[in-house]
């Protein structure tokens, strides 16, 4: 037994004992995650948030190990092969991410969701696939079944993607630590301690209600304070516009119009294959951006310089508004053009619904469905609270706090414009009647 | 007054109030530090250690602000211009670092120490220089004087580079947090609280002795546990060998022998200028390494793949030894060659003295000298403890603990070889009489 | 200037610089607080919660110092005498507490609220009064004005007792640390950073909304999880019953019926004076309880033994219910009697509204009123959020989360009975129709 | 299986699963520890240090559980009965403490060491004894064997009292947290992770050397900074003098000379029995001190008032000296008398060797002996570091740091006098030649 210890800023001490897991960590596909930032361009807002998907994935494995250990103490032991499938699924769930994580998915370059790419990495002839198959030829499919929510041991799927999954448990704590935002903290040990399995569902005992509340509030705060931070959104807008400009240039005027490093080419034109995805990471994008700061095209050059040196577009509203009248929005777009900026690249409407994260939503009859991921959003397997007498209720029925939070509006809109347009844009919108949220 | 708040994982809340400092942070030269990892390749050992020089530099500024605030409470207020010079020096002290920080300095590519590059960035016509000059034409020289130890207000220089400087205070705490190693923790608030200035020297009052001990022990532990970690050293060895192979190839066989991206070329041949240094960062090196994994040259291809996917050379000793007889070392080198590896690239002697960090050394008459940096090492401005009656003594005279630590040997030697040579290499050395340390 | 440093588990480092404050800390009236537990009998539930009012009061002073320092950075500096009055008020606000803090106030022994006693300690000829008067003859009245909400500088009063006061800020963090409950944590530094004064009111800027939410949620969690914990309530019930039994015995049968140490006598019969209050603390009550474990009266003896060795009455419901039908409650009371227990002492109805703490309530027109304390509850000076344009709104208007929390029911009822009656009592209530909350 | 969770400020979450242990916790003898402060009168120096032996004992049980769990992972499982004996020994090891813990042992009142009392509590017919016997008639002796170092499974004894025992591991962390001193922190999880058993000895693997160093340094710092703090020592001196005065008064002039509450009487005259020890705790002493503040005897009255309201004797030296010439010490004693103070009570020589704690000492051939406690000191079962090849060496042979620390002087002397004598006393000593340490 090769026991290996990882020191971790969030969980302190992570012990991995299974040879299979250690072999998976050593594959090039997994090591690639070291070069993909967990929070995309958020480090421009929170300078400490420089952590990678690699760190997160190790953390997710750890939380899964902790939960299964707790379940074992409660007398629930999955078959060894199912246990391994669940641990591998936790470790590998993010393999398919592209450069800057979710940021990539929201650009013209993402041809598939990261979940779809992950599926291919596990099934096709990659290093990861070989390691899994060598252990057990059926293992790749089993891991996938856990990720897809089709695994016969249903609670294992819920642990990987439900409202109370090991993915969220790690990233909230990790993002909170690295950003320096304390909002995301919750009592992981206690939460795990109150979890159990009833039927085939992951549930939380009544004594853990406050812990679930604390966890859901952490999600709520991180959503509004960190993930939807206006400076982060501004940097993300710039990232998308930059890639759009490159695509538009090369589509219109051919490959010579902008220098595109080979690693990025398949994503700008044509259908990238699995090898293309595995070859690309943050390094390629940042390298390209550096090159683009000297591009012939003035718009591209300017956008690249802005991205690199953090001269962002500016939010028109200090805080996002509920909504803005189309006429006024249109007037702002025209203003941007009038000031000499190409509004295709220097104007953006940003909505809270574009954020790749979410917080708890109550799903009327969600208890039935499995955990199917898609479009970067997790399906709402609800959180169930179980009373001592076995009665199960969805958490927002039990907690007025969560009821309020789950019912609350998730709207939020902002506009981004060059700095010299901000003040006038604001006047246009206020007189145009944008509703403060 | 534009007050800006940075959330920081180490110091929580960093408030910057001076417009000058905010303008410096916004320069491209400073933003570039976001793309230079603080701990070089240590993230291969401690996955969390993905932080950049940017984060560190902001932290150093914060600690300098805290110390000056404490001194102000003690009635010591430098002239505004000197205060600003000191704060700017704290912020800018690492501007001259190349890719992967100290790692770069230890390769064939480093033509100047990072301190020498920093000096040029401050003096030549960069964005940083412009911002400083706009505030006060004499400011660049003043900032440099603080860094060089020639500033008339001597204690300001000591704060930037002495045995008790704001640089070390931040990096110990920061590296400890990000690596997950708790050894580097010490009580920053309390340490600052016991600092004072006597004559022109930074001193610590007797009641702070335990805090100085704690701080020096943090350095001691971090040195042996983190900075001199054998896996980190293995990754660093690979980094150097990789660049040496590229240099050797291109020197011998001309520029076509290996694909070298433009950003790296000036460093492999010729005399790089300031613009070359400012244009290069981790991104360029990682991008090159990715390209080299497909290089025609087999050695280069292999070294690049090893670096990227963490198939490192292996340390012959589990723990570093005091010394090894030259004959036995030579025998190991031959062994590596015999097994078919090119010993120029697949064999390395690693000494503790190569580490870019150090811990406290007592300097017999160090009190006299200013703080001159050089060769990546800081000169030993000693730490002075002041009694209530004003008597000053060097800390190792007062503390038996520090005396022991400062006297202790700093030797430590390891050899790195390919995995298939390790066992035999170990036998050769043990029979050859390597002394366990 | 005598600067003194207190090391504190919550705030780390507390520096007190004013001679007046140091002199107040040295008075016997303030030192007495070392012998009064902050959380009454909660240490029976959370063994770590053994902290005293002394620690809390030092912490409250610290928070007040931090807030005033922040206000000074914002350009708001009260007159020195007002500043001192506010700091003294923060330090002294709990002087009038009796043994076990709020527990005392809820017994037959409390003839006055602790606020009323505090008022007398400050005004009458105590050590505290002398220290204040020596500094400035008008100071006692000024301190009282801050506590009463009648001080001309209104925001100082709000800081001592409003919904966002330094008292709560300290006790939430302190109780969270000592109980080990993480729910009470919030980001104190950030919260203080977002506070300001508008008009004469303490407000929080819009950017601090999440911090206010976090703080109010901490209160909410601590209320339900710690302050209203059923084991704590059981211990408190026993405390009250014990003192009632002593009172009843001595009233009915004269002073010989139960051994009452001199320090407690004035509180069981007659009108205790200020000297009586200042002479009594936890020590006297615990000493009496120890004596009572050998009392002739069987009920007294049993109650004392139960209190000391934690054989508590048992809650009939695992979680508090909304309400219980009077008939069923009456049936339980009869059951207790039928089993041979004296229902006056062995049966208790406990309501959430009896808890000495509360959480945020929205007050329709609370903005008008000052901060008048009474009956252990603070009047609802609301929390105001100020937008950049100066518009002020009550926090629950801005935050749907707080709206939900403030609107939520605060009902909660439990019954306590001897262990041998619990099961039958539960059946009686369930069949009687107690509504689960 | 009754699983119970204790929330703990140090260890967060403590789960106790054995019915036996829960029953032991519920005994009156164990609950009594709630009324005995862990750090005696240290709360007068560090206001937060108000924690009890109860909290500590629960923590020690937890650490023992953690260590045994780690050993189980390493394949080492003691017999169930031995495991229980070890856990019970950890939980009960401090049962015999008197009021204010070690403070009591250093007064005229302590007729037996706390270890001797603990032995009697376990063997005689107490609640604890009954619970143990009910489980297994041989259990009391087995628990004692663990405590005495005579248990056949030798490593279990070492875990309870060796240089690396669960007692020290808890109290260092706990005292550090409650005092607010950060020096006592070390990485408990990592330390436990590197522990193992070789032969019958507890050892630490070479990779844990830094953790052992960190732990031993924590002890070193806590010793000099917290346990030997001059203000704490001043309070302890007063405590001893107070009890000596009462004893002297009642011995000389009979029981009427000073009001002594019944609980204390057996300890001032005659031979206290087990029941007497179990009946006395901090409450009785504090209650007596409060009464003595109104005693007829002027010296007693004054000492009591000083203790209660923290008007302490003053240390003559700011920092302890190595030694002081007997003549000068005698001169100080005379000075105190000349100023009208009774030198028997108002003068004290305090030595570091009186402190009830210690730090690591190297014992030349200590490896042989078992762990026999006595006189409040633990015998030096040394700490052994084991290399990969099985070679074991005492830690100070391996670590120059520990060698220095273990060799360092442990002398330290101070004198305590009334405030009005301090300055003159200092002159007498300085001219008399006291050596600064």
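Details
Going in written order, the chains are labelled A, B, C and D, and every chain counts its residues from 1.
One rule holds for everything that comes next: a residue touches a chain if its C-beta (ideal position, glycine included) is under 8 Å from a C-beta of that chain, and two chains touch if they have at least 3 such contacts.
It should be emphasised that the depicted structure is a prediction, and the values quoted were computed from it without experimental measurement.
The interface with the greater count of contacting C-beta pairs, when B-D is set against C-D, is C-D. Compared with subunit D, the chain whose C-alpha mean position is the greatest distance off is A.
Counting the residue numbers that touch the partner chain, subunit A and subunit B have more than half of them in common. Remark: subunit A and subunit D have CA centroids separated by 51 Å (rounded to whole angstrom). Work out the mean CA point of subunit C and of subunit D, and you get 33 Å between them. Separating the centre of subunit B from that of subunit D, both taken as means of CA atoms, is a distance of 43 Å.
Each of residues 12-13, 190 in subunit C touches at least two other chains. Put simply, subunit A touches subunit C in their complex at residues 182-183, 185-187, 190, 206, 210, 213-214, 217, 220-221, 224-225, 318-319, 388, 400-401, 403-405, 407-409. Within the complex, the subunit C residues that touch subunit B are 5, 12-13, 189-190, 193. Within the complex formed with subunit B, the residues of subunit A that make contact are 6-10, 12-13, 26, 28, 31, 34-35, 43, 46-48, 50-52, 54-55, 58, 177-181, 263, 279, 283-284, 286-287, 290, 308-310.
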